[in-house]
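Two complexes are shown next, each including chain A; its partner changes from chain B in the first to chain C in the second.
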Partner chain A sequence: MIEISNIRKAYADTIVVRDVSLQIPRRGITSIIGSNGAGKSTLLSMISRLTPMTAGTVTVDGLDVTKTPSDVLAKRLSILRQDYRIGSRLTVRDLVEFGRYPYSKGRLTAEDRSQADKAIGFLGLEALADRFLDELSGGQRQRAYVAMVLCQDTDYVLFDEPLNNLDMRHAVGMMKLLRQAADNLEKTIVLVLHDINFASCYSDYIVAMRDGVLIRHGSPDEIMTREAIREVYDMDVDIRDIDGRRIAVYYT
Partner chain B sequence: MRENRAPIRVLLILAAVAAGVIVLFMTLNARGRWDFILPFRGTKVLSMVLVAHAIAVSTVLFQTVSHNRILTPSIMGFDALYILIQTGLIFTIGSARLTMLDPRLLFAFEVTAMMAFSSALYRWLFSGGSRSLHLLVLVGIVFGVLFRSLSSFMQRIIDPNEFVLLQDRLFASFNSVESDLLAVATGVILVVSIIGWRLMGVYDVLALGRETSINLGVNHNRAVTTVLILVSVLVSVSTALVGPVTFFGLLVANLAYQLAGTHKHRFVLPVAVLLAIACLVGGQLILERVFAFDTALSIVIEFVGGIVFLALLIRGTAR
Partner chain C sequence: MPVKHLLLAAITITVLALISLLIGGGDLSLAALLSPQEGQYAAQILLISRIPRTLALILAGTAMAVAGTIMQMLTRNRFVEPSTAGTVESASLGLLIVTLFAPEASVIVKMLVAAGFALAGTALFLRILRLVPLRSVLTVPLVGIMLGGIIGAVANFIAYRFDLLQSLNAWTTGDFSGVLRGRYELLWIAFALTLLAYLAADRLTLAGMGRDFATNLGLRYRSVVSFGLVIVAMVTATIVVTVGMLPFLGLVVPNVVSLLMGDNMRRSLPWIAMLGAGLVLVCDIVGRVVYYPYEIPIGTIMGIVGSALFLLLLLKGRERLA
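On to the complex of A and B.
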């Protein structure tokens, strides 16, 4: 379980995450929604120790993320950031193999290599495995990053907007893959999503943020209501029941 | 399809070239007594190998943690600091007393001063996440100008004879290395290299950037600090030994990236070291034995390195 208690992030005088407390249960998908600048990425960065918090604590399976040695946490929790960029010029396979670093410390075993191959296969990147990242399209690159994070094989996986740049087919494929990982591999997955319909269809739990405050959380049925969505986005949308799923019609 | 240059082959070829150049340097035109020639040339070769190693390794690692390929420790104001220290020494103590001082003491002082400066500067620059390349270049230039104007101020007041002596000390030269300093420097660089070697797996991860390193379980702050300390020891020792060589590191590091054709430091670092040895010993060999010049190697290297630096800037590989 990820236990977030009273975390806060302030830059100079502006508070961008305000005293958020939340428990994310083991297994399953939790989606975070909210408008641009609501503090979603900041929250994920603090959970994953990439950004220091101003106040509060986060524990993962009881381990305080700011005090636990980084290499211990790296075997339990991994994150894919929203604006992911990488310093080196790497091929897809090189990148994915870095996901094994917490275990191999740079000396890959046969087991590590087969894990990397598996992750490449999951994301359908076999044909691109030896291409350099800067020779890929945005969506192909995004899938390579996801493969790296999956290759790290941690119980907790955080994704900040994993559907960035993906087309319709790959977006659905990605969500199905994550659902499978949660159901079959017992992973705990936390996602930031902008398409609330994906959140509605694939999550077990939705968390809504606004102006740095966690304003609602609950099951998709509880969050996918006209009032709740208005509160989160300041926007009136039609919520329809289609084949037993709640779908927001917000295009017009 | 992509050309698959095997880094191991590159490594073997370079090792052969470096070894060949060293053998040639030791034996070419050797007329006279071997028991005189061998130690004399051996000292020279050892100091060149040492400096080549220190500069190649420090430049590659510095560029890895600062995520760019045009900055080197020297460009960040290091050689200007060396000039300032030398000028300051002559200014305050005077050359007469300076030559009477124990060279080991002087060496220790120079190394300490340069290390203190560089660790403080790097620590400040790289704490608190990433800074823009432009800021780093600017800081380097500002420090360089500051140190240089302080030096030229002192140079104006000192005795002209002292000034000539000073000029001599400011050019990198492999001819005047003292053998007991060489022993100390070898020891220090050996220790640093062993520590550095054990971190080999971390460099590749550090190159990916701060967030990725942390995600992969590297204690980023500690790793970067360690690397920067290693770098400042290497640069300080090599500069105190032979004097400043500003663009040499840049030259070999960028050639090494090209030749190794991989991001893996396990290959890039040895390739850079072997290249540096081949360039330095080979260059000295050609200048000394073919053109019968004596101290001009550092000037030639700086000239070529400076052109590479400009080319990199213009090509905009400044990432």
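On to the complex of A and C.
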């Protein structure tokens, strides 16, 4: 379980995340939604110890993320941020194998290699495995990063906008894959999502933020209501039931 | 790339080294070495001058190319090397100051002082980078060149005042013609440092992917950056103290190797080392042959060859250099 208590992030004169407390249960997919600048990415970044918090604590299975040695935590929790700009020319296989770094420290064992192969296969990257990242399209690169994070094989996997750069088909493919990872590999996945319909269709649990505050959390059915969405986005949106799924029609 | 290619490269380096052993003012052929009259004289040339020079070329070339690679990994910018980051100028300034205040200090002490200055200068460079909004990849080396210009100006002023301009010039322009037995051995330290860098190749590659990426994988990013900086500073100082700066080497070699085989340093570092050694050997041999029996300093040749290669890289691989 990820236990967040009273965390706050303040810069000189603005508070980006304001005293958020939340428990993220093991297994399944939790999506964080909210408008731009609501503090979603900052929250994710603090949970994963990439951004130091101003106040509060985060524990992952009882380990305080700010006090646990980074290499111990790297076997429990991984994060994929959206703004990675890796300038290095690495092949997809190189990148994915680096996912084993917390275990191998660079000396790959046969086990590490087979994990990497599995991750590459899981994302359908076999044909691209020996290509350099800078020769791939944005979507292919995104899949390579996801393969790396899965290769890291942590119980908790955090994604900041994993659907960035992906077209319709690949976005759906990615969400299905994350669902599979949650169901079959028993991962706990936390996502920052912009498309609330993806959040509605694939999450077990939705957390809504606004102006740095956690304003609602609950099952997709509880969050996908006209009132809740108005509260989160300041927008009146029609929510329809389509084949048992709640879909927000917000395009017009 | 397979081991076979690496072996081939090693053989090429050996051949170049042999050529380097045989070229120079004094007569040194196999026949001379074996003849009873001239043999002793020839052997002396070989031991006192030619072998040290050739070793110095290989050691310095290897170390400088690797130092450039490390800089590029740490700044995540392909245009950075010790001479575009204020490192060389800082090392020279340190050397100048120790020469002024403690002229009798041993060469090791001088090197360490220069390394301390180089470290401080490069750390300052990284600090400035964090403060300046980086709109383009070219901003980074421009900042470095400006910082180097300022530090260099201070060094120049001091050198001018104390009549040390010639020494300063010797430090900033690579020249192997003065390399003799007893005057180059410090370069083994630089070589040892490159071996150390090879042991940490995975960590440096990871650091090259950025702080967040490295932290996610459990790397202690700050300590790896510090480790890399110390290696770069020590290597630069050693080279400045012994043979003088080799321009462009740390820029061209890593970029060429990166284009050919990527940035996984575990794989690319042996190639970077060999190409560095090879390029320095070639440039020095050319400098010795072109105007025989006189010599053109390697710094000059390197400047011409290096800048041409660099321009080529800029024009050819533009999108990749970003």
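Here is the rule we use: the second predicted complex is superposed on the first by the 251 of 252 C-alpha atoms of A that agree within 3 Å, B and C clash if a C-alpha of one lies under 4 Å from a C-alpha of the other, contacts with A are read in each partner's own complex, and residues count from 1 in each chain.
Quick note on the criterion: a contact is a pair of C-beta atoms (placed from the backbone, for glycine too) under 8 Å apart; a residue touches a chain by one contact, two chains touch by 3 or more.
This structure is a prediction, so every number in the text was calculated from the model and none was measured.
Q: Based on the superposed arrangement, let me know which partner A:130 touches: chain B (first), chain C (second), both, or neither?
A: In the superposition, A:130 touches chain B alone.
Q: Under the stated touch criterion, which partner chain does A:167 make contact with: chain B (first), chain C (second), both, or neither?
A: A:167 contacts neither chain B nor chain C.
Q: Once the shared chain is lined up, is A:227 touching chain B (first), chain C (second), both, or neither of them?
A: A:227 contacts neither chain B nor chain C.
Q: Tell me which partner A:106 touches in the superposition: chain B (first), chain C (second), both or neither.
A: A:106 sits against chain B and chain C alike.
Q: Using the touch definition from the top, say if A:94 reaches chain B (first), chain C (second), both or neither.
A: In the superposed model, A:94 contacts both chain B and chain C.
Q: Could you say whether A:79 touches chain B, chain C, both of them, or neither, answering first, second, both or neither?
A: A:79 sits against chain B and chain C alike.
Q: With the two structures laid over each other on chain A, which partner does A:241 touch: chain B (first), chain C (second), both, or neither?
A: neither
Q: For chain A, give the residues common to its interface with chain B and its interface with chain C.
A: Common to the two interfaces on chain A: residues 48-50, 69-75, 78-79, 81, 85-90, 94, 98-99, 101-102, 105-106, 152.
Q: Over in the complex, which chain A residues touch chain C? Could you list them?
A: Per the stated touch rule, the residues are 48-50, 69-75, 78-81, 84-91, 94, 98-99, 101-102, 105-106, 132, 134, 152.
Q: Applying the document's contact rule, which stretches of chain C touch chain A when the two form their complex?
A: Going through chain C, the ones touching chain A are 73, 76-78, 201-203, 205-206, 208-213, 215-220, 258-259, 262-264, 266, 320, 322.
Q: Contact residues on chain B for chain A in the complex?
A: Against chain A, the touching part of chain B is residues 2, 67, 200-202, 204-205, 207-212, 214-220, 263.
Q: Show me the residue ranges of chain A that touch chain B in the complex, using the header's touch definition.
A: 48-50, 69-75, 78-79, 81, 85-90, 94, 98-99, 101-102, 105-107, 130, 152
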